[in-house]
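Both complexes below contain chain A, partnered by chain B and then by chain C.
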Partner chain A sequence: MAAVTARQGWARVGGLVWNARGAALLLIGLLIYGRLADPFGLFIVASALVLSLLALSVDLQWGYAGILNLGPAAYLGLGAYTYAITQRKITAGSPTYLAFALAILFGIVLAVIVAFPAFKARTLPVYYALITLAVALILQRWTAVSYDLTGGSNGLVGIPLPDFSLPGLDLKMTTAEQFFPLASGVVVAAYLACLWLTRSRFGRLLAAIRDDEEKVATLGYDVATTKLIVAAIAGALGALAGALYAPLAGTAHPSLFGIAFSVQAYVWVAVGGQGTLIGPILAAIALKLLENRLRGVSADGYLMLLAAVFMLVVIFLPKGIAGLFDAQAVRDRFRRSRGGPIALAPVLERPLDEPHG
Partner chain B sequence: MADPGVVLRTAGLSRHFGGVRAVDSVDLEVRAGHIHCIIGPNGAGKSTLFNVISGMIPATAGRVVFQEETITGKSPQAISRLGLVRSFQTPRVFAAMTVLDHVLLASRERPENGARSREALARVGLLERGDMLAGDLAHGEKKRLELAMALAMRPRLILLDEPTAGMNAHESEAIAGIVREAASTATVVVIEHDIDFVRGIADWVTVLHKGMVLREGTIAEIEQDQEVRRVYLGDIG
Partner chain C sequence: MGHLAMMFAAVNTGLLLKQLFNATSAVSLLALVAIGLFIIFGMMKVINMAHGELFMLGAYTMWWLLARGINFWLNLLAAALVVGLFGVIVERLIVQRLYVRGDLSTLLATFGLSILLQRGVAIAFGDRPQFVTSPFTGGPTLLGNTYPTYQIIATVLAFAVIAAVVVLFLKTDFGLRARATIVNPAMAAALAVNTVRMNALSFALGSALAGFAGALAAPLVSVVPAMGLDWVIRAFLVVIVAGAGSIWAAAGGAAIVGGWEAGFTAIYDATYAQITVLAIVWALVLLRPRGLFSGTGRRWRR
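Let's turn to the complex of A and B:
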């Protein structure tokens, strides 16, 4: 009896150390890169890091809780515009704390507004996916026509870099290179927070919900509220990504809400490894650097290569690149005990509603 | 007048699927401490009855009263929290989760003090399997894991949907022992096809046929009944 607990306890600690080691390696790699790379390289990797927060939000929802949100970019755009508008209209020239706080708050609020009625009404997952897609498209459209507030289809430009100054302490960023350590720190911190969350009892509850919501409900758990919490955390992450992306790019434009950013996040999650957290971050960096190399040659060529990589990974590496380093995933791959390569099936299944027995 | 000995009562409970009356005006009384078996041919509405009682599908008409409280229309989680738990005909386990984690999820215990969970695993004979992934268990073991999850929740009433389906006689006998022991702390309602199994555990038997209650009584009375023999027991010899 005790042996079982002790062994489980050690396995858990071991797993945590192993994964935290991933975070440490990531941080060291980023620090070295920060020393060696040229400003443009730093900009590319910083934007990959910032956008990888959006991928983390997708992985948390899709990879861990089985929630299919097809419009994660809604939060990217919301965070970007909240940061930009706050910094232009409310706290111009002042530290950017309020802009970040509002972005995260609005991210959570939007997630709750979208998810609450759907989860409480036990909306079919496929409809929820369509609702989230529609929300992103509506926001994109609305942003493009609201000239007074959002600058319409031209977007907003001249968005200032973050400023974390405190009384008597000047922490205002002046160059884009200074952004790189900020992005690195935020992503590593977000990764560790997600890791802690998914390894906790709450994380196990999420995994159970992903596999079989109905069964979890019969165990007395409030599935809707649990999923709502995940959606809210993901909303906060996505909005944070936007609030960091706007100052890095210097602009906010309606395409931030667009399908391209949403799809990109999903590709990173699938290629990096669904349900691995570290995988999507590594995929974001690798694919962004690859994109940058190939853009010079041919923009279309990159997209085709990306599509090819996506298909190959989905077919041959169901758990993504990160799955290569996961003994369990390798075992699963050879055993092929569960359905298709990417676990869409449990997401799309209908709830039980037919006569039998 | 409510009978204090009745823990679960359904009154005129119906569930229709289009023109199909899967459950048709069922009045059921389950007495506290009993092992109450529900038998009937395939398609008699047994599983649908469980689905309606446990809140997984809404009733078309009628009501369900559990411990003097009307639970019709309540969510599955609310019903479960009141102490009415269920298992499924096809075991529903989380393939990538360990056996112990399943029971911890059900008991809401922390891994470091999972006494109740381990006790539940011991009761169904799965303690040695605690570290295994549930997906790697044999079919019968999965069914026992579901039973352990139900027990770990310390329920007042357990609904078991064919706990011995797909098991051999030896395994069925072990399940009968577990069910009898479970009945010392909870009331148990069992859907079952295996009449030998029912004979070994039932305090009371309800026969469902075409969504309606055909007969009720002790197993001896049921086995003597000509009508039951004609529609059901005759079939399975």
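Let's turn to the complex of A and C:
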């Protein structure tokens, strides 16, 4: 690699800061909200933030790599139960670090096991979607009948708040409000990590796989392993979301594996915009606050509304609602109307075999 | 002592026969659900995630009409008709718009539709199970076990409908056009097959089969809004195991998935039966990624 001049170096640092401006704005917004909001509002936004990690895992897979995991809630449930059971079984010392580590480890292991045959054997992309859906459903069933380990259909209650105390440093959490800064920090960190990942060489490889898998394979890249790595990272993110959600909610219940959480994550990604990372997080906060406003409406009604929004977005707005406000798209539209060089693009974007008119 | 052993053997044979019957009955219904999915998947390369909810709608149509005193056998036909028409609407409004984009957006949109239908029915009729009484009570007894008459008739009827679909596909003009569309849509279109109409018809046929299966199964299972999820996942596992290579693959895959699940449930437990089915599918995907009975799609030609 050629030597980097000072000017180029500064340009790179500037570029990184500019890319991370979303994280900075998010952090500032959360800090202000944390000062102003009441404890209940803090709880709502904290749970939105924690669950937005699940949406990030969906966005990484669907938005960047073009693979569909229809059971992301499997990792939410796995992380939650791992945290709860570790806290319950290990009484000596503080098992918090171990609980988080185990949750993430199990998330990665499950993701790799589930994804391995689907990617390595190069099946149709729908197979991964179907198998992940089946895995989530069966984990939910199994959790509901395994009374000894998981408390069965009653779930586990009284899950302790995390205790991050180190020797000589008291970081024990005592109230649920203290969860807000933790959730904010974790989500901003996860966002930055995903941003770095997707802007790296690896991220460009993901986008290439999403756009034309055959071509990438022909160019000599290991498509299966790349997809497997994405699935594993997404599994880790989902399990982390679960491990944070269990102490925040104080309970772990088989419904954590359920389709409602999966659909919710997809709706957040679809509304916020696939492949934007920040979009799903903002959508999570906005829709969670909206859900809280609509408490009078039944849970079924809310889920129906989510499903309807999701369908409409998939059918009419393939880039998500955020795609409407995409700065680049707006610029393109503007240039197109002036007959600039972009004018040819819509013709070329259309597949050749598609009937015209 | 010898007497006891003989009695034990007799009991076992009876039990085995009963389990075999239960497995056959489960397989016949599963094959009926899966074959609809197969036609849609084979024809349009589209995964209809709402297929299980079409099954559920069939069961609810049966329950709703039966509660209004309409004849059970008429309701079977009505369920097929209602759900088939619903399939036409879904095809027009959703699938036709999306399937040029590639299968994943269809999958996502029908996934949304399945939740919408499931929760819509839950709001309309509640989440509690509804009971559909079969037109028959009791049944013949063989080796100490009773075989419910309705279950026997439902099994026979399911196999008869599957046979009719196979005949429709292999022996009629419609079947020829349908298979041509599956094997090579561009060539079929060039030879004056209206492939857009074929797609719509096969979507309607697949939906009608799901609705019929739901109505037929209604007296045998508990009718709840979420009942479709179980069936659609089983039917998808059938597709994965068998591969969409031919119309026969649905029956073969259903025999493996349904038979194993029913057998394992009888021996041990229903949840672990599903876990083992998933493990088998996991291994099969690794060993035979295109399915056990896939071939090259050539078999649709005859």
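The rule is short, and it goes like this: the second predicted complex is superposed on the first by the 278 of 357 C-alpha atoms of A that agree within 3 Å, B and C clash if a C-alpha of one lies under 4 Å from a C-alpha of the other, contacts with A are read in each partner's own complex, and residues count from 1 in each chain.
In this section, a residue touches a chain if its C-beta (ideal position, glycine included) is under 8 Å from a C-beta of that chain, and two chains touch if they have at least 3 such contacts.
Values in this document were obtained by computation on a predicted structure and should not be read as measured data.
Contacts of A:Asp211 after superposition on the shared chain: chain B is touched, whereas chain C is not. Legend: residue contacts after superposition of the two complexes on their common chain; A:Ile259 is shown touching chain C, with no touch to chain B. Contact with chain C, but none with chain B, is seen for A:Trp142 once the two complexes are overlaid on the shared chain. The larger set of touched chain A residues comes from C, when the choice is between chain B and chain C.
By the document's definition of touching, of the two partners only chain C reaches A:Val314; chain B does not.
After overlaying the two complexes on the shared chain, residue contacts for A:Gly29 are found with neither chain B nor chain C. Put simply, chain A uses residues 353-354 to touch chain B in one complex and chain C in the other. Chain A makes touch with chain C in their complex at residues 66, 68, 70, 113, 116-118, 120-123, 125-127, 129-131, 133-135, 137-138, 141-142, 145, 259, 263, 266, 298, 300-301, 303-304, 306-308, 310-311, 314-315, 318, 351, 353-354. Note for the complex: chain B touches chain A at residues 15, 17, 20, 22, 42-48, 50-51, 54, 56-57, 75-77, 80-81, 85-86, 88-89, 92, 94-98, 100-101, 104-106, 110-112, 114, 118, 127, 130-131, 135, 149, 153, 161, 191.
Of all residues in chain A, those touching chain B in their complex are 1, 4-5, 7-9, 12, 201, 204-205, 207-208, 211-212, 214-223, 328, 337-338, 352-357.
Within the complex formed with chain A, the chain C residues making contact are 47, 94, 97-98, 100-101, 103-105, 107-109, 111-113, 115-116, 119-120, 122-123, 186, 229-230, 233, 236-237, 239-240, 269, 271, 274-275, 278, 281-283, 285-287, 289-290.
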